[in-house]
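To keep things simple, chains are lettered A, B, C, D, E and F as they appear, and every chain counts its residues starting from 1.
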């Protein structure tokens, strides 16, 4: 797999669209289950990530297979994934529904992913070495903290297969966008279109927010009726 | 419904009483289930809210009714509540036990409530647009973050009815007090009396804390025996 | 029970070993269930605690026994524990699996423990008066916040018995080490040996991290093969 | 409210359609969230109920209001609902997400509902007096058993409002159908149409089941391709 | 400890009182948290047990201590409890909040308890060898089934201490009564009085049930008003 | 993949060994996490199944992919698995941690598997058409009941990959044994040896049970000391 190709325009849209507007656009298209909630950036100063999904899947551990020694095997799917996930991709991890007793990755693996140019990490389980992760300029989204290594409760099963992450289906190549509200997973075929509409919605809502801050009622303004839409167009033209 | 009436004295008590002491006073009166735990201010710089409760109730969504378009209906109970909740009230939201996959409100609705003079928002579900909410000087207490709009998983059912919020019964007009320890819901008829006793308890505990910091044992001091109570009265008199 | 005796060397090891490496060393010895996850320091500026465990156990409350008045009894196991836990020990609390509706301790009890020279507090339930706790230079690790006093939902049953805390068996005298990744509980007999190996592992991993930051692949480096181990020894010798 | 009116044809369809086929028909129409799972008939000999929904809503209790004495109030929404729910209706109860510590109803209230000609009871919480309920020829669907009366943990708030039951939105007048697979809630406007298609699907599946029992592969047979559909029509014609 | 002493009258009351009425009597006395819900007799033909509580407490396992070999130690609290729990007592087990991955007891330990004349077993965790337990004429109340022995996830810590079972505080000597609705735990000092009132309530409710079966409304009848109470007295006198 | 090969001796052992003894033997070998608890045969008259595992994996649904129409695709992993799982194998299903809102299979798919000679079905989610399943002489182990088809909440992802089922790692070819206590998953390489030891343990425990029924204490008898073991050998010899 080579480095992810995204048009510059797509990249620009993904870098701006809020997950709040993206989910609204997804629901318009009948997709209500594309967002991971209650997930947060480990380092609050790196609150955004986006890129095509590269998936990694864990299953529950078996004591004889889940050992520190097994991590030396270059074919271990976890270690392999870390070396082959292409730059620009987001590594999305299925920790079997969020096994909360072991850390998905620690500082060394995260540092390797950062050096390799990966766009970010999403896990529905905890992270370890979080004091170190908080110092890195690299977006890691996870749920909670746990000291033990992944093999305390999990085994890496395979990579680049369809997975569930935080209850959301994720296919390799889906476009993943993460911000402080959570993580949204866009089907690749409609990702750019949805992001475009979301950016437009964000702009409209910036206008609406200004109206509301100035004292306007939300009735007719949010959602906007025809009059508000016209006023918005006028406002846009004037900018 | 007109703007909430609270005597100046009541307002002063509600602005000072800690939820920790309020719950102790409630238990003295046989009320053990008046506190919402594990709820936090979205913006840590606005760590306190109080006022009479105005309630809003959600039920689980139904796909044909829970749409963005439905939000344009001026009779939608959510939109209506936002325009009619009186200034000085706290909007308390029952999200059907804390549906954690959609945001109760986003920045526009919260901005409108702030402009309208509402005293704060309490939800047992997540919020969205939390990056924006963190910038507002307005108390919003919630559980977690979620990008999707409320209608991703919920429908507004009605307002100003008795609700449950975070497992606690809330009646319209109950006095709600929120601080970093959580949210306490006081029956209206005894709210002022309880707050008065809580403020007194807070003062006694400030004295006890000082004694403890100076090296005294808690035995006889906390809870205070007659001797400690007398010493406290002397200390009070001297201040 | 007298003040905990730890050799200076042990103390030095416990003050440095990360919980991440400690858990890896424990798994090597067949112990996978020695870490409490999703527990955090209430005050982020006091992110580390260690010492022998002194245990306190709660059971669910019974309304006639769990009252504020009952707290005056000097034989109440909670109050007694606070006065007798030896300096240098960590007070580890079993809140019956994490009853999340009442605070384990508030600011007065925590202040007393701090003054008495206790090394820290670990609870699998919430804390109260957390605004005050955040100001203290004292390590308190807990799960969440709750305004009500402990007796809102719990009764202190006894102290210095084997307990479960956050799903982990804790025996009096076990060595407890807490940092931002969580809390690890070491059997007393092997605590020093494990801490020594963990500190060594931490040092090796600092070297590995440096290699990775410099662009090395993790293959052969983490876990280290013989070549990497030799290079590490050379690096150590040069320092 | 008068006795529920359902055409004889609708009644006949509702008495036969399986909840399994009803949910498949609902998903065809974009409605995926119309079924309550893991709910079972208390008496396995009364495994089916159907009729228009009459709703009852509980909130969490407050100790001073939730007492045995309060049950004497003829305006208590629970007691009132039991006397006014029309014959032929199904009483659907929202127990605030399934409070599992108190029984929704006991044998006396259930006996009254049976005598009054009510079609059945659905609760997302437990029942009490279940030994008695198991002897009655009356369909009660619930989750588990609990000895305490409803007021041990709940307060009746109101009736005939939109509710959630087992995570499903239920509006008064919705058609409710319960069988051993669970409970399905049909929007009133499309209930008869959906039931008709479900009965047809049940018939087709009886044919498919026969084919499968005779050794046919499911490929092309289930779901049926054109050939299988034609064979089904021929089979139907012959019956 | 010698065989439990209960007066013949107390025994007779405990053998008849339903847990449904016992909980109503407890709430009258301010005790709302004395019932374990969603617990069921493993053998439905032995649906009732009562007697003074003998308590056994488990904590989470530690791999080096929780082994089959450790079961040979005659001081193992589990093994010891089984040999010393007095005849006529109910063995009540705290499985650390219901660890659902290992069976509390299997057929051999249950057979031993039955032979020893123990009155029954209550566990908030699962049982193993349930096919055998279903054949025994002995009341075992538990939650679910699990094949592994207790030491797969638990360690016996001690016996005859205050415990929590299913979220309910249980003290040694409390009177425990179990029937198909669940398990109720009565404080020893008021157990007989509560049972007497519960038996009386059961009798009144038998009368009320008869009225309701004959078509009477519940209004004024349940709860009974003065008129109904007088009619009940007349009915009692006639029997 | 061809029909599973098991020696006649292995088959005989697997047909007899209880899951209770199998788990004890597994723990002796350091494997504590090989049992699925709280899973039950849908038809209590088919309480046992065994055979090599054939695995099927679901992920959460995506609305545009999870439709009834998609079930017609012969490459749908669910439909394909049903036609290719070899006779004698047990189909083990990972429903993403037990999604409890849709039925894994209904009567037609189960009937097909039965006709094809499959040894049984294990799912960590619910089943649908359970009234029909209860009538079939075929072992289906599952958790609960749900009317909706699998695609209401799930998508079949792939088959014959390592999965988690009920929190237990399952590899294709592992030996699966199910009885009323739950489901045990044996690593293929040691399955026969473990089953042999479990059968022997079952026999010893039958002897111990007899001793206990005759009034012997468990001390020295269970676990058996040398004397008991000798008596057992004598008893065996006499049979």
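By definition in this document, a residue touches a chain if its C-beta (ideal position, glycine included) is under 8 Å from a C-beta of that chain, and two chains touch if they have at least 3 such contacts.
As the structure is a prediction and not an experimental result, all values here were calculated from the model.
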item	value
Least hop count linking chain D to chain F through chains in contact	1
C-E or A-B, whichever has more C-beta pairs in contact	A-B
Chain located farthest away, centre of chain A as origin (C-alpha)	E
Most widely separated chain from chain C, with each centre as the mean of CA atoms	D
Selected from C-E, D-E or A-F, interface repeating D-F by over half of its contact pairs	D-E
Interface composition of copies chain A and chain F: same or different, split at half	same
Between chain B and chain D, centroid-to-centroid distance (C-alpha), Å	36
Between chain A and chain E, centroid-to-centroid distance (C-alpha), Å	49
Centre-to-centre distance between chain F and chain E (centres being mean Cα positions), rounded to whole Å	32
Whole-Å gap separating chain A and chain D, where each centre is the average of the chain's CA atoms	39
Chain D: positions in contact with at least two other chains	30, 32, 63, 167
Interchain contacts (touch definition) - all pairs	A-B, A-C, A-F, B-C, B-D, C-E, D-E, D-F, E-F
Chain C - residues contacting chain A, complex	18-20, 22-24, 27-28, 32, 35, 37-38, 40, 47, 167, 179-184, 205, 208-209, 212-213, 215, 217-219, 222-223, 225
Chain A contact footprint on chain B (complex, rising order)	63, 67-69, 71-72, 74, 79, 82-83, 100-103, 106-109, 111-112, 115, 126, 128-131, 144-149, 151-153
Chain E - residues contacting chain C, complex	30-34, 59-65, 96-97, 155, 157-158, 161-164, 167-169, 187
